[in-house]
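You will see two complexes here that share subunit A, one where it goes with subunit B and one where it goes with subunit C.
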Partner chain A sequence: MTSTRVTPAPAEPAERPGRSPAPRRRGRAERRPRILIAVTALFFALLYLPIGVVALYSFNAKKSLTVFGGFSLRWYRAFLHDDVLISSLGTSLKISLAAMAGSVLLGVALAIGLVRSRSRLGSLAGLIMLVPLITPEIVTGVASMLLFKGLGVTLSTGTVMLAEITFSVSYVTVILRSRVAALNPEVEEAAMDLGATRWQAVRLVTLPALLPAVLASAVLIFALVFDDFVLAYFTTGVDPQPLPVRIYSAIRFGVRPTVNAVGTLMLAGSVALIALALFIPRLFGRKGGLDILSGS
Partner chain B sequence: MDATPAVRLDGVSKQFGDSYAVRDVNLDIEAGEFFSLLGPSGCGKTTSLRMIGGFTDPTAGSVLLAGEDVTDLPPNRRNVNTVFQSYALFDHLSVADNVAFGLRRKGVGKDEIGERVGEMLELVQLDGHALRKPGTLSGGQRQRVALARALVNRPAVLLLDEPLAALDLKLRRQMQVELKQIQREVGITFVFVTHDQDEALTMSDRLAVMSEGRVEQCGTPEDVYEHPASRFVASFMGTSNLVDGVYRDGKVVLEQGPALPVGRREGVGDGSSVSVSVRPEKIWLSDFEPGMSVLRGVIRETVYSGATTTYLIEVAPGVTLSALEQNTARARMEDRWNGGETVEFGWRPEHCLLLD
Partner chain C sequence: MTVLNRSTRRTGRDRRGPSASGTRMWTWFMLPGTLWMTTFLLASLALVAVLAVGTTDELGNPRFGFDLSSIRAMADPAYGEVLLRSLGYALATCLICLLVAYPVAYTIALHGGRFKHALIAAVVVPFFANYLVRMYGWSVVLSDDGPVLAALRGMGLADGGTKILNTGFGVIAGLVYGFVVFMIIPLYAALERLDVSLIEAGRDLYGGPVRTFLFVTLPATRQGAAAGLVLVFLPCMGDFVSAQLMGGPDQIMIGNLIQDKFFQGQNWPLGSALTMLLMLALLTGMLGYLRRTRKDEAEARR
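Let's look at the complex of A and B:
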């Protein structure tokens, strides 16, 4: 045992004489190299200028794709009266909604299963699940098409849906997995302790805790699938075609400014959805909806 | 006791691979009792509690609640409720909805739910916080929500898994008193897991000390403290002077130094190695009574800690005993022993325990 006698604490070091100035503001002295600013600006210009041009010419009063002849909504009106494009838009919305519902349902279940399963098979499944994320989409597209053909399935909107669901499950699972892992397992046990069955515990306690991440991933999947071209191109039937595929076919026979209007609308929609996906977790007042996107 | 025990663990074991978390535990917990499972971390106390709650399946033995074998029943079909160490509150529900959760699962009527939730929030002094979310409450308040959420179901047994561990010392002391009061008020059997021996001593009607998956001793706090059944219990419950030696004819002979008179013991053969345990507060330093064993030693250190003073007395090379004296109104500062002085000390024979 040691003595508990208290020794006087050493005197506080005397304050330094006031010769040292206030701490320098960090970064103030550093010159920002202009070249880096220029490179960054060039990067963003190359990235967004073409898109800007598309958006600008969607409001062109003239039919020209090179000369701007005043502001007009004529190409938007043309789009609204183009039955083929409108039906393609409807098809794309249907595919996106189906892919969203299907992949979220499977992805949430898979995420919970992968986190809870302690077996080797579980961790193997967790690894396999990541493969679609790194497989070139064209490979997935061709493979899906060959599979459907091999099985004698006629390509249609339904086959696009199946392919998109398969592809999207990985995203949902990756997003949800970290959230499930962060859940306190005692909370589900508490629900069962209070009389809930296993399923009630998941429905009443686990799913509400996951809701922000579920909604955020649903929005993300909708946006990703809606403007997906490659997978849709290989797995769609002839009619109706998803919007991106329809636009691609239309361009082959000459670009009409209507395409600019459609592109601009799709862009606006996607931006709105991504913003929503980022915003949803904040709506619930907690963190961790789309950690991947927000980078936190 | 003749009544059916509220909880009976009958030869219960839990094996993970080759190692036992709990090994052949037999316990009877009486109805209405405040019963503690006490032990260091990893001793199997939480696993035992989880087996009563139904969260962990025993690999052998059976769990009985009020005489009924519930070993194979899931948690939602056992008439017990749990206060978890992490509280495990439902963060997306209000305090009132958290407390009402169990009653809703049972299909209790809406009016009755409102009434019982209100009563319970009053009992744990959270009326006025009913509509708040758990995330906005302090640690002590969250603890009360967890307690209310379990108690409102009027379980036959309430299981508490170190519910006070996350609270700071002052709040913990306060909650100890409140928990005990609430237990008396509702009359429900409490099974309380803790690693804090003071907590177990002050709160329990009876307690079981566990070590390495086994119950070392089970009894009233006084029983366990005054008559520890093993070396482990003696050293885990409070402080004890533990000295090893060889028993010979009513004495324990230390390797170097004196023989400690311990009185004749039945069933201890001459020449067997034993441990001697004497509590520091049972050692006298003056005013000896007839019949006491009195020895001599040298004071090595004097540690003053406010209400008490502890002396470290060397009785043989390398063997020191600590003796505790109360600094009572009658004790004078100058009467205290100083280092290096030779003192006489002694104890009543019954306070010197022989442990194998």
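Let's look at the complex of A and C:
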């Protein structure tokens, strides 16, 4: 490990070579790394194979999950006529919308406060906010369930909403925090020099500047919550269960091919939402929205 | 919560001068989110700890109290075995994820060219497919007459009796598939930041490809790898779906035990004690990671 000292810290942004060095790199470094490319190709094949299998068999005319008997939409039709699944879909949509609204409201305010404030509460809040990110979901799920039961609250769609908001606030805050930090506070001060109150400065200067990131994180939270299983599983009531919980019982107790159709639809929905989240910053004239996914 | 309120007021008064009103407003900004998280997260986690020393009444309902029987039950070697197995699976998953993710992240970051962003998006997108649906699809792919075993048989690497599902290897394969993304993203970020001219310098100084990799590329991405290891390890330890879909009764993990105690067994104190055991194992791991990174930082500063 002596080598760490020899290497200059790679984190210096000034050292970034930008997009230029392509022509310089010809020659021996440009040799095609066949093995690396083969490994990457195999990785992508295995990454997409399971999803492809689910999507393919969702169009299967037969009930079999191993033999493809021709193209048909019968499982999609079965899904549309399955009242239980449709009501679960509605429940999941409601939960996602509530979690989105709640976590964006709390998270945006928290992110602005965390960056601007230098009080002790700030550092404490920063720590608390990180807890859901380093706690496995099963622990959060068990804890939320015990809290609701301890307070005598009957588990229902509402309790899932509350639990999902808690879990999502961290994501919104992490995404927004770096955006707020990237804003120049002098712009707010300039607004105040021109007669705005501090609150007006936030509302008329800071929030509009954050809008792309806010919208992108809202879409991201919607997708994450809609697909979330563990937390929903621990905090849902019996009757209108969220869609992932229904899928779980369907998978555990003998798969009905309808699950393939539902899964394919959910996949299509998620991909559309992620594309939207990546596209939103571009709408506002920023390049590359991918860093939103990694939260940096 | 009262503690928080008090400290807020104090810090508000402490900061005099022109920014004092601002400080107070930023505190109001933080307050709702912090109170929410304190109530729904910290209080509920504390409740788990409290119930771990609780009891159940004759009907099986949890009762608060002070009873160490659930804690003492943790000494049962059966639980120790499950915890060790979970640790083993999680560590094996971390290792495999590192071995798989490194070449993939390296190829995309250094040889991806103008497809770099598209390729990394292609890695991330399946992660947003529903976890259960992905795992279920993966279990079909790995099943006895699925394509993976068929390919292995075709290459002569497996015979008719080889199984992946219902083995420990199946569970690990499930965990790898579920969480490998968490390894690729930080590694990719580290490799993308890496200055290519450093590699060239290593080559110019007559370092072979292997030596250049070992002494230039690898050290520069160590923090990315460490972050990836933590990000994979945490969800692996809490997972119960992979063991359910890919494993059999001999492959259960601690997540399965917790789920069982809360849903089938209805022994909540025991479930809470198991949850605390899981948290303890994770905190130990996290502390090790933090000490490691602090050492690294200290070393880098020298």
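Simple rule for what comes next: the second predicted complex is superposed on the first by the 256 of 296 C-alpha atoms of A that agree within 3 Å, B and C clash if a C-alpha of one lies under 4 Å from a C-alpha of the other, contacts with A are read in each partner's own complex, and residues count from 1 in each chain.
Keep this in mind: contacts are C-beta pairs under 8 Å (C-beta built on N, C-alpha and C of every residue); 3 or more make two chains touch, one makes a residue touch a chain.
These numbers were taken from a predicted model, which means no experiment stands behind them.
In the superposition on chain A, A:Glu186 contacts subunit B only, with no contact to subunit C. If you count the residues of subunit A touched by subunit B and by subunit C, you find the higher number for C. Of the two partner chains, subunit C is the only one touched by A:Phe43; subunit B is not. Shared-chain residue A:Ile138: touches subunit C; no touch with subunit B. When the two complexes are overlaid on their common chain A, residue A:Leu114 makes contact with subunit C while staying clear of subunit B. By the touch criterion stated above, A:Trp199 is placed in contact with subunit C alone, subunit B being left untouched. By the document's definition of touching, of the two partners only subunit C reaches A:Pro33; subunit B does not. In the superposition on chain A, A:Ser270 makes contact with subunit C only, while subunit B stays out of contact range. In the superposed pair of complexes, A:Leu127 makes contact with neither subunit B nor subunit C. In the superposition on chain A, the residues of subunit A contacting both subunit B and subunit C are 1, 3-4, 198.
The part of subunit A that touches subunit C in the complex is made up of residues 1, 3-11, 15-17, 21-22, 25, 28-29, 33, 35-37, 39-40, 43-44, 46-54, 57, 65-66, 105-107, 109-110, 112-114, 116-122, 124-125, 128-129, 131-132, 134-140, 142-147, 149-150, 162-163, 165-166, 169, 173, 198-199, 223-224, 227, 229-230, 234, 244, 247-248, 251-252, 255, 259, 262-263, 266-267, 270-271, 273-274, 278, 288, 290, 293-294, 296.
Here subunit A touches subunit B in the complex through residues 1, 3-4, 184, 186-187, 189-198, 200, 204-205, 208-209, 211, going by the rule given at the top. Listed in rising order, the residues of subunit B touching subunit A in the complex are 53, 55, 74-76, 80-82, 84-86, 88-92, 101-102, 105-106, 149-150, 153, 301, 303-305, 310, 312, 322. Remark: subunit C residues 4, 7-8, 11-12, 14-15, 21-23, 25-34, 36-38, 40-45, 47-48, 51, 62, 100, 103-104, 106-108, 111, 113, 117, 120-126, 128-138, 140-141, 145, 147-148, 177, 185-186, 189-190, 193-200, 203, 214-216, 219-222, 234-235, 237-241, 244-245, 255, 258-259, 262, 268, 271-272, 275, 278-279, 282, 286, 296, 299-300, 302 touch subunit A in the complex.
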